[in-house]
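When the chains are written out, they are named A, B, C, D, E and F in that same order, and each has its own residue count from 1.
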Amino acid sequence: MARGIRRGRNIKIYGDIKLYACSGNPELAGAIARYLKQPLAGRDILHYPNDNIGVRLHDSARGQDVYVIQSTSRPVHYNIFELLILLQTLRLDSAGRITAVLPYLAYGRSDKKDQPRVPIAARLMADMIEVAGADRYMTLDLHAGQLQGFFSIPGDVLTAFHIIVNHVKERLKKMTDPVVVTTDLGFAKRGRNFAEQIGTPLALIEKRRQIKTGVGTEALNLVGEVKGRDVLLLDDEVDTAGSVSEAVNLLKAEGANSITLVFVHAVLSDPAADRLSSLPLKEIITTDTIAIPEEKRTRLGSKLTVLSVAPLLGEVILRAHEGRSVGQMFNE
Amino acid sequence: MARGIRRGRNIKIYGDIKLYACSGNPELAGAIARYLKQPLAGRDILHYPNDNIGVRLHDSARGQDVYVIQSTSRPVHYNIFELLILLQTLRLDSAGRITAVLPYLAYGRSDKKDQPRVPIAARLMADMIEVAGADRYMTLDLHAGQLQGFFSIPGDVLTAFHIIVNHVKERLKKMTDPVVVTTDLGFAKRGRNFAEQIGTPLALIEKRRQIKTGVGTEALNLVGEVKGRDVLLLDDEVDTAGSVSEAVNLLKAEGANSITLVFVHAVLSDPAADRLSSLPLKEIITTDTIAIPEEKRTRLGSKLTVLSVAPLLGEVILRAHEGRSVGQMFNE
Amino acid sequence: MARGIRRGRNIKIYGDIKLYACSGNPELAGAIARYLKQPLAGRDILHYPNDNIGVRLHDSARGQDVYVIQSTSRPVHYNIFELLILLQTLRLDSAGRITAVLPYLAYGRSDKKDQPRVPIAARLMADMIEVAGADRYMTLDLHAGQLQGFFSIPGDVLTAFHIIVNHVKERLKKMTDPVVVTTDLGFAKRGRNFAEQIGTPLALIEKRRQIKTGVGTEALNLVGEVKGRDVLLLDDEVDTAGSVSEAVNLLKAEGANSITLVFVHAVLSDPAADRLSSLPLKEIITTDTIAIPEEKRTRLGSKLTVLSVAPLLGEVILRAHEGRSVGQMFNE
Amino acid sequence: MARGIRRGRNIKIYGDIKLYACSGNPELAGAIARYLKQPLAGRDILHYPNDNIGVRLHDSARGQDVYVIQSTSRPVHYNIFELLILLQTLRLDSAGRITAVLPYLAYGRSDKKDQPRVPIAARLMADMIEVAGADRYMTLDLHAGQLQGFFSIPGDVLTAFHIIVNHVKERLKKMTDPVVVTTDLGFAKRGRNFAEQIGTPLALIEKRRQIKTGVGTEALNLVGEVKGRDVLLLDDEVDTAGSVSEAVNLLKAEGANSITLVFVHAVLSDPAADRLSSLPLKEIITTDTIAIPEEKRTRLGSKLTVLSVAPLLGEVILRAHEGRSVGQMFNE
Amino acid sequence: MARGIRRGRNIKIYGDIKLYACSGNPELAGAIARYLKQPLAGRDILHYPNDNIGVRLHDSARGQDVYVIQSTSRPVHYNIFELLILLQTLRLDSAGRITAVLPYLAYGRSDKKDQPRVPIAARLMADMIEVAGADRYMTLDLHAGQLQGFFSIPGDVLTAFHIIVNHVKERLKKMTDPVVVTTDLGFAKRGRNFAEQIGTPLALIEKRRQIKTGVGTEALNLVGEVKGRDVLLLDDEVDTAGSVSEAVNLLKAEGANSITLVFVHAVLSDPAADRLSSLPLKEIITTDTIAIPEEKRTRLGSKLTVLSVAPLLGEVILRAHEGRSVGQMFNE
Amino acid sequence: MARGIRRGRNIKIYGDIKLYACSGNPELAGAIARYLKQPLAGRDILHYPNDNIGVRLHDSARGQDVYVIQSTSRPVHYNIFELLILLQTLRLDSAGRITAVLPYLAYGRSDKKDQPRVPIAARLMADMIEVAGADRYMTLDLHAGQLQGFFSIPGDVLTAFHIIVNHVKERLKKMTDPVVVTTDLGFAKRGRNFAEQIGTPLALIEKRRQIKTGVGTEALNLVGEVKGRDVLLLDDEVDTAGSVSEAVNLLKAEGANSITLVFVHAVLSDPAADRLSSLPLKEIITTDTIAIPEEKRTRLGSKLTVLSVAPLLGEVILRAHEGRSVGQMFNE
């Protein structure tokens, strides 16, 4: 557990921030570093011919307040390992306090045994991050808030929806009768929170196994009203965009006026980019928690808006470092 | 971690089942014992004048396969402590394997930090049950399935909705245009599952802070259609029945034909019984995971149907004891 | 484990002291706060209708040197839980160092298996306090000093007898042939220490099962001399005052001149106040480790002297906070 | 934690007992083995020139129910290490269940911080035994019963006083007005229990620092009556016999008729044998929890009676092995 | 820790063996299963579009004695994760005992900090395997024997050199003046053991940084004699075959008659197959701890001899399962 | 895990260094203290008649940055215990950070199971040091570098060969054709490093069981050339000097010109001093990681050169204390 010290209101309570970037999302790590006016600490990450990873820190991290930034997006297992090995290296180097900064945490959807004889891989993620040496963690928009309880170490679980709300409020000025719709019932509550913040009604898409027509097929129902309205279609992440495609088709069939897709984590597995570019979407609003390859950005073209979480993460790192409240940032 | 042994298909792999009942729900413990044709093991639970609890086992539990049954309902903290002390007593007595059987697990709603500077009390529950000595746990209809990941020990997390579905299917025969409605968006997905199993549509009640009219007040919206329909109003637990009251009023206002209330855990804090008895409900269907005091049963009268989870828990204990699949019970 | 820092002789080594009071003994917490000239930190403790506790800190405790004050007296299990939940809340909020300040620790008498198949509840207490998140603990006059070994975390185990000795020395001036008597043989050694400090002889009361006269009854013998002497009757805590009553009767029968009752922890379960008020006691000397309800204070009237441990705990908190020796306070 | 299995009343629930003797008390280990009609398992204990210990088991202990017998008497640290290394060897060899059988546990008197800045070495003992690999422990007459709470693993803490009582009852037939006296106030309660079992009164010796006459000297007082009586002088262990000598002198001065010394653990550090042989003792009754060197036995001559705890430990090992109650042995 | 039971000499002490194969080395897993006449247990390993792995067991593993076979060869991080997730799934499914069978353990060469600020990734491997749920492990020819000490759980660390020796002894019949040479000084001791077993002398290749000629280049020296001899060039694993190439060139330059390459783990990263096929090697003797792709086998042609470790692992699994000595297999 | 703080380049980040010396190597501890211009902190180590150790700190260590210096040389088990008890005392006294400084770590050769059914005592050492309370450790020239992976806490593992190299380089000026020879193949790699640093060739001594001539006898072979050369015979430690004697005889027989013996840890068990003094050695170069008794120093006379590691350990303690890089000391 982290040990801090505080002697007065205006002084830093830990040493200089030391930021390490893994290779999962270098642009975001760089943007956080710029926000903090702090260079990324030097480290070599070696790729041996036998597929093993090697790490070597350029300077000692003894007694420092260290932040390791890694998005555990594709290649997922490589990225997780890179993170774990860097965490262990820092621990063995007697770092003062180690915080794993995880803009996107993989395996968040494997969070319960909803059928027998399956794993809870998200708990394994938490266990590994702790056993490797993290004292704290930071992350954004977990698939379920309960994942915080999988960790024994303290953490800051943030949301990018504050940032998105600000952007969407601009767009709302030109919309008529906007309505928030969630692609999945598991996201209903956060859909409601979003709708509440921007002052619109809520509708929900319900997916149901089609027992009569055959195994494996699913039918979508709309619960609520979208006819003639401008829809904000909401989710936490978009993977292959299969559900999104079905949702958009349903919404169009139900008479939606326009559809704006809003989500935090741009997983965008194939053929997501193809699907999204062919759908009748007005705008695709997402963030940079996961690095979006240039080629996909190009495919999605001008419809794509990527909001940066770097100022958010940078500010939270600063406050954690100085022992100041994070909740206050959001008037909480 | 549990250690088992198996020598063939038809023999028991652990010693005789040894069942212990704490004092939280003696009727259910008795019913489980009857299902298993196994007496409850003798133990004294002493209440000292200084408010402390004492425990003494009548016989040794050395090497036995022990199941401790406790509903952590009101008085919550007393019941939790009784459980923890009995678990520790059994561990110190060198019991072979200890399973905490928790038909109702308290503090399930404190499962995430949805605002800063609050606890995750459900994780504390898991930690205490483990530190006291449980090797495994069993429970029913957790507030969120993710709570499984709070435990480091393996567990069987069951649902009473299989039992409820069978009962409701009988009732459906006399209903016209039935519809499932959930009182809370957080329960939307399980509402969908229920509706899918009984083949009805789904509607949802959305609660929203009324920012304009004043602090703290909330407004309810119905998402979906209930006009002229027989409603099955669904939740996992009913506490003071405040939300239920509001929901019933809304459903009536929206033209529902009849309303049947369905939930698993009958917390029924005051003034739940008063509220429920005065509401225009056709039937109140719940289970015995929490003991319902006679006085409240009387107040709710003939509208109340209490289905027993004893056969379910008894069968799962038997299968756990014999090292047989629990999933198979549900064709999973 | 706590990590401290020291840069010179006269500066504080941790941040500002942050004191939290649970609801077990608000007067004592307030007195400690006044001693330290430090306000109690704001926190809400919520009581939900379902008997669950909620906690919310008003301000962030990030990196602070936190002290949580709770007497785990009646209602014992509620008070323990309140403590545990507050500890966890502070840990999850990334507090710098957390010390549980426990003027009275419940379950101290369940400290060994003196018969088979019973718990060691005091060890469970220690395990729970650690698992909830305390880095250190402080307490007063444990039932047995060995309870320190139940904790894996460091602690300061203090005694209020230093305070009591000062008070008693005043009284001694007016006594003739004073003698210290303990109510229980398990307290004999600490009775000797007390007698040594005030320079009086020691007598002991021995309790023995009366096998001849019937099951369960006990006979008291006096070992030593009290005839014509002023007796200081000593114990660590007084619960129902049953043993005290018997002891006083025996001492009177053996010719004691006067009897002054001395003990640290005023558990005072019913009918202690009735019993004590009707006994021929000259004075009842105790402390405020447990809050004594106004109604009981009234019943005990002017005979009752309550010495405050607030300056002792306040000073120890200060020294712990500044990394100075606690032992030095007692010339040790 | 131990995992057992039970299939019926008359069958063994673990594999064959596998007994290992360390070198601390080979006679006792041999006697236990004879009681159990079970050979001691072969193991080499090597003493390397560099003072290190080596261990090699003759046969595999895979899956066996193993008992390691070691008295941690002089040479204390060697004997502790021999035990720890053998425990680890068995754990790494995948033994099924490992029980440390400790007729005498060293460092029992370092059980609390009765002054600042001292260790609690008994807790360190417990921690090391657990970290080396013991699943359970067995021991006899701990210096304080609370030491059970230092262990996280279950244990059987036994007493040799049952055996001693049977022997003393024979002697009582020839005594007039027998009285039990304890050498130390910390042993008062167990003295009372002993007196209760044999039906005699109790007197106590109180030791007190002599503040007036000089630093470090102590004065002894007798609390109670011994004049003209046959005294049973009781303690848990005798180390240098310094306290015993003083006690005997006091008792003689107070007019005791005869003195019989009774204790469990024959530590007998120099010059205990010299002192004891020169004291006017009628009989010295002790046990074989610690091996008494032949030379000391000779010096103490016919006054010495050594009762064996082998049948007690053997029977408890058997019951632990078979999953039967140990408490029942003592009608508890 | 594993808990076993044994009732007699000839009966199995655990339930039926349950073998699970991960996807790292299906041929070897199949061969082990055939050796044990035991089918591989059914499990689905799913590859989601977002690069995550899913696992589902076909049947319950409750109380079974489970063995999970995985070679953590390329793709290393995927294979490790597959193993960890399967281990966790089995633990959550209440498996009786879980043994991770790891014919090849990745990251074995990252076993110490031979320079500052680097990881000990092999320790991380051990920690993760334990945290995921393994009770025991099995592996072959660790890079350093000391890696056993990285695990807290017991394990069987085997060697394939027993198998290789038998094969080489055949070849020796046709060799003149054979000599064992190791490619690396760190392997010198195991080279000596091998030479001892087959009765040949030993020579060593010493690699040294060339400080004069430039940074990073290395020079090879031969310590010992190979002129006119048939060389057995020995290592534990061959990665890119860079060192092997240099060694072969040196040996040829020093007048070796023929060179047979012998190693256990066929990592064979590119361009190993190219290099090896072009070297003047008489035979390449290795094992199937790592699956060698068909394409590489073809490239190496008839020079390649792959000995199977399946009978060795199968027999050790059988003995572990039945609680019999593994050491005895090797007359140890 | 260590918690540090850093506010700028030139200020100390922890409190004043507090050095404690156990009794294993007081001269070295004193020399470290002189290097650091810091007195050794006062502590009493008591030896009770019953062979137990007592510890009492003179002053409080609350919040201090503590270093405990102990060489675990002969008497090994006493010295280990003294260390463990002092570590625990400091932990219970709420020390800020505790580093165990172990110039010589016993049991380093028991680092793997090279045969079945033996311990890995070095892992037990690591476990005990951690359980007693060390947050970090420092040590010199471990028998195998992999022992670092036995610890879960971070450590600084140093080598005295930097110091020795400087000394040897002086000697080299007067040598002709110097060659480094290692006594054991397990030390080959470090022999190569040493040879590389001083720019000489390497030869190796290979020990082999003599199967033909009888059980237990071993034959030595020289691999490489020493004829007419000045030999530097290298090892990490010298125990009884048996291997050294054989090596010297072989080297002389092979025509070595002169032999200088070089090793770090002077275990020097009997009859090492006799053997070494009678061997034709030019110089014996070692260090003071282990205290060499005056009597042995005299026996070895002027041939003996003891280099001090005090400046090395002192500097590393200083850098650890100030949070500066240790690796930089060696240009790493």
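As a convention for this text, contacts are C-beta pairs under 8 Å (C-beta built on N, C-alpha and C of every residue); 3 or more make two chains touch, one makes a residue touch a chain.
Just so you know, these numbers come straight off a predicted model, no measurement behind them.
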Steps needed, at fewest, to go from subunit C to subunit F via touching chains: 1
Contacts common to subunit A and subunit D (chain labels): B, C, E, F
Treat touching chains as neighbours and tell me the shortest step distance from subunit C to subunit E. 2
Interface overlap for subunit B and subunit C, more than half of numbers shared or less than half: same or different? same
Subunit A onto subunit B, same sequence, C-alpha superposition: rotation to the nearest 5 degrees is 180
Going by the average position of its CA atoms, which chain sits the greatest distance from subunit E? C
Among B-C, A-B or A-C, find the interface that matches C-F: by residue number, over half of the contact pairs should be common to both. A-C
When the C-alpha atoms of subunit D and subunit F are each averaged to a single point, how far apart are the two points in Å? 39
Please tell me the distance, in whole Å, between the geometric centres of subunit E and subunit F computed from their C-alpha atoms. 33
Whole-Å gap separating subunit B and subunit D, where each centre is the average of the chain's CA atoms: 49
Of all the residues in subunit B, which ones touch at least 2 other chains? 2-3, 5, 13-14, 59-60, 92-93, 113, 115-117, 120, 123, 325-327
Mind giving me all the chain pairs that touch? A-B, A-C, A-E, A-F, B-C, B-D, B-E, C-D, C-F, D-E, D-F, E-F
Complex contacts: residues of subunit A adjacent to subunit E: 48-61, 74-78, 80-81, 84-86, 88-89, 92-93, 106-107, 109-110, 113, 115-121, 123-124, 127-128, 131-132, 239-240, 267, 269-270
Please name which positions on subunit D make contact with subunit E in the complex. 2-3, 5, 11-16, 59-60, 62-65, 91-94, 96-97, 133, 135
In the complex formed with subunit C, which residues of subunit A make contact? 1-7, 13-14, 136, 154-155, 319-320, 323-328
List of subunit D residues in touch with subunit C within their complex: 111-117, 120, 122-123, 126, 144-150, 157, 184-186, 188-189, 191-192, 195-196, 201-204, 206-209, 211, 221, 223-224, 325-327, 332
